[in-house]
Amino acid sequence: MNSKTTEKDIVIDIQKIKNDFPILKRQIRDNKLVYLDSGASTQKPIEVINAHTEYFNQINSNIHRGLHTLAEEATNAYEKTRTHIAKFIGGVKTCEVIFTSGTTESINMVAYTWGEANISEGDEIVLTDMEHHANLVPWVMLAKRKNAIIKRIPITDDGRLDLDDIDSIITEKTKLVAVTHMSNVLGTLNPIKQLAEIAHKNGALILADGAQSAPHMPVDVLDMDVDFFAFSAHKMLGPTGVGVLYGKENILEKMPPFNMGGEMISEVSFDRITWAELPHKFEAGTPNIAGVVTFDTALTYLENIGMENIHAYETKLTAYTIDKLLQIDGLKIQGPNNSINRGGAISFTDKNLHPHDISTFLDSKGIAIRAGHHCAQTLMKRMGTIATARASLYIYNDEADIDALYDALIAMRKYFGHE
Amino acid sequence: MSENLDDMYREIILDHYKAPRGKKPLEDKNVTSDGHNPSCGDELRMELKVDNKNNIADVHVNCKGCAISVASGSMLAEFIKGKSLEEVKAISEQIKKMLKGEESTITEDIGDLDSLKGVRQFPVRIKCALLAWVTLIEGVDKFEGNGTDSSSTTSTE
Amino acid sequence: MNSKTTEKDIVIDIQKIKNDFPILKRQIRDNKLVYLDSGASTQKPIEVINAHTEYFNQINSNIHRGLHTLAEEATNAYEKTRTHIAKFIGGVKTCEVIFTSGTTESINMVAYTWGEANISEGDEIVLTDMEHHANLVPWVMLAKRKNAIIKRIPITDDGRLDLDDIDSIITEKTKLVAVTHMSNVLGTLNPIKQLAEIAHKNGALILADGAQSAPHMPVDVLDMDVDFFAFSAHKMLGPTGVGVLYGKENILEKMPPFNMGGEMISEVSFDRITWAELPHKFEAGTPNIAGVVTFDTALTYLENIGMENIHAYETKLTAYTIDKLLQIDGLKIQGPNNSINRGGAISFTDKNLHPHDISTFLDSKGIAIRAGHHCAQTLMKRMGTIATARASLYIYNDEADIDALYDALIAMRKYFGHE
Amino acid sequence: MSENLDDMYREIILDHYKAPRGKKPLEDKNVTSDGHNPSCGDELRMELKVDNKNNIADVHVNCKGCAISVASGSMLAEFIKGKSLEEVKAISEQIKKMLKGEESTITEDIGDLDSLKGVRQFPVRIKCALLAWVTLIEGVDKFEGNGTDSSSTTSTE
């Protein structure tokens, strides 16, 4: 990872990258696939696909406790990814990295364990008006169970957090601030470090939902000083069914376990059960071993390009995209209208057309975007819309993809008679 | 396969979408029924005036949604006006079957409605086409349940 | 699946099968791998490995809600597996098949949702003395939280359930009977249908842990009349990170959801949240899509051989294995000494050697077995041992593998001076 | 690589395993320490007689476990007899480091103990070799804490 990259340093060999992703050669309805749905899930480079095959051809075995060669190799490969992640997110301890099945499980794990043990009647949990359901429903339901109170940081009309009244929102009553690092709908990047400071000053913990940030930029959980950080492998070139929960050691130590079963216990009798050490306490049963092992290759692929480079490249492409979309009459960007402090999840609405019609039409041109409420119904309400169309970018996208999107949107307005 | 696209957005559907029928709210209604697809965000309000021979004297449909749900609602408004509740219920069930790809026994000429068939190739959009019909059935059921002004909310999900 | 198979009908082309598994060509410490650890996790045939690659090369996308071609294809492929499983376990409704990350999560899901809602102080939960920690720790902890009572069905010295006093164990106080269909340590097959009848007569539900049975024999949850059934894909030629929870529709309907987030809600506001229909209510967030899709191919592979055939073949090989092991002085089979009503998980102990030494020695000959408590510490205590060595069989094993095991065990006793 | 196997199960280790030293329980002990590896099921009881010059006058080790944990306990019994608590603590820390692959500064001749190095190639077995040493440290700590008869339970997991 480069420490600092200016625009002219951006070295992305986009043709090489496109070639690394076999699916991008696919034809969709007679057009070459233009994949602009990476916010939902990214495509996988051939290295990752091969690593998965290699694992099954050479190593496949259950891990831990096994004394034979395959079990040991599988365990080493599995733990290698853990070490890699610990470095990737800023150099934390390996015992602070817990494998889950995805961001959703990571956040639910905190709600069911830390939340059940620490939230009481009258306590306050602070969310924002731009949370994904994964970082909203668990807290709303926890608050219901505990008679706790949900407070929300509002957003401005252009989709930024509005921190004007933050001192009346995060107070000494606050037990947890749960906030997305980057909005999956608006693209907005939130000032996590600043919020962490405010939370800690008030004696609260902070959880950052990194599902949309970890794939696209350097992440340093120590510098941000978050207590929990959650993300998913499938949104960063990795396999499905693998996620991460980072938690500070002293907090994880005190948390009760979540799922219970093999590997997460030390001693079991019908009267007394003791838990295994971190991180195993939180990894019950056979994990997604092949997935975790493969994730290592995805991280290496990203690091070879460089997370700073990726962020810089995507920022440039985001600016290009916003610029193009704003040239289309009747289209509105839902979220920041510029590329400052935002990522490449770009939502838009058409004053005449429902996002579903937009998506169906674009698909007929081979362009994959997402349309709907993006698991953010409360945000939709705030934006005064029922759904948006969303193009979301990654390292395998280029200006040609955006030009194809632009042309298709023009053709669409004609098709539906809204020229 | 741009044909596919034209299969769904047939000219007749785009025509209904661009100029929906039954736009005018009724002054004198005895059924109000609201439909809703949370995952799409589609919302539909339907008003019926049922006369004392149990025929549908007038219909109003207001749909905020995609082209398919709007067109489906518009076709419904056009088709059911003047029909008896009996006929309307029967055809609604048949349209539901047709959209879901089950065997339907439609023999009569259903006119524009036939064009909804194209939606079947887009499974996620079927519920859009269904919305108006499900809202209608719910409204009629409620009407028959109490015989007077009735309102209800339903969803195709 | 054949309805009835007599011994002479068994048609297993063992050479073809062995060839289908690339890893079986691997050399371990200069010996060809002899894999006898399928009870922990099975190897994968080339078809399954290829299906996984194909998914990433051609279809990969997030599912549901997506309106583009890839999303639709991925959704169809994902739901196809659900339909397949519904048939595979006896012809249940697709809405009764819930995808989880494994047996462990399946069982924890029931404990956290049905258990939290239905178990009260003084209620009784009936387990057995041969449960895997995955079907023991969640219930013991639930009982602790609720002041409920754990009762156990004892086992006989040869590792069968002892049902003599069953009427005093399962009573009207019983709310749940949670029992393994096949023991991962002893190999014992338990009379689930009979237990279900007794449970239901007493107004209790029954959960069967099918982690070790579903891979090896025809399973009909309707015939057994179980309320819940849990199993893992990775133990039946499928990927890691995929499991199934079957539950009866009317019971699942009434259960609150488990993890919360995207896909499992219908409508969300800060005041009111409504859940999606079954099975989606229990599948929060992005599932292990690639894994679920690939599992379909694993099931087809098994069905092409035939579950009856598999069971018959393994029964024969189990008899052969037991017979061979009993020829070795000082070795004791922990579990039934014959192949009647048991599967091919064969535990043994040596009167002089710790199982870990057995396993390490066998590994030096390329033979992979498991040694330890097998996540069944309470069973170990009951058997009066601290650990066992376990050879566990699958369709790619044959008599030559068992002969290799036998020869190595003889060599081992010599090596450690216990001839 | 059967060499590997012989690396771990060196002749000297098998020798200790087959005839463990310190087998006899002590009549006159002032430290009892129990060790335990739940995942292996290994159990070890250690008894020490510490004389009034703080030297270890006698040792008893009883280990129910694998060849490695038994041999490691036997070597320990042989090695520490007659040494001072000071020396014993120092060597225990060094053996722990050696087993974990950290840099150790052992200069003296540790005799048979050197053969435990081979275990490092079998990471899951390291805790077996550690058990006796960790149990010893725990026992000595307790002894120094209260100066009289002390007992404790510990684990390497």
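Each chain gets a letter, A, B, C and D, in the order it is written, and its residues are counted from 1.
One rule holds in what follows: a residue touches a chain if its C-beta (ideal position, glycine included) is under 8 Å from a C-beta of that chain, and two chains touch if they have at least 3 such contacts.
Keep in mind it's a predicted model, so treat the numbers as computed, not measured.
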| message | Give me the set of chains touching subunit C intersected with the set touching subunit D. | response | A
| said: Looking only at C-beta pairs that count as contacts, which pair of chains has more of them, A-B or A-D? | reply: A-B
| task | Could you tell me the distance, in whole angstrom, between the mean C-alpha positions of subunit A and subunit B? | result | 39
| Between subunit A and subunit C, centroid-to-centroid distance (C-alpha), Å | 32
| task | Just give me the whole-number Å value for how far the CA centre of subunit B lies from that of subunit C. | result | 48
| note | Within subunit D, the set of residues that touch 2 or more other chains is 38-39, 122, 125
| subunit C: positions in contact with at least two other chains | 29, 65-67, 267, 356, 360, 372, 377
| Mind giving me all the chain pairs that touch? | A-B, A-C, A-D, B-C, C-D
| remark: In the complex, subunit D touches subunit A at residues 38-39, 122-125, 155, 157
| subunit D to subunit C touching residues, read off their complex | 1-2, 4-5, 8-9, 14, 17-18, 38-43, 64-69, 122, 125, 128
| said: For a test of understanding, state which residues of subunit C touch subunit B in their complex under the given definition. | reply: 65-67, 72, 266-267, 274, 276-277
| field | subunit D-facing residues of subunit C, complex | value | 29-30, 353-357, 360-361, 364, 372-373, 377, 380, 385-387, 415-417
| query | Residues of subunit C touching subunit A in their complex? | reply | 22-23, 26, 28-29, 33, 35, 37, 40-41, 43-44, 48-49, 52-53, 56-62, 65-71, 101-105, 107-108, 111-112, 132-138, 140-141, 150, 152, 232, 234, 239-242, 258-263, 265, 267-270, 273, 284-291, 356, 359-360, 362-363, 367-372, 375, 377-378, 381
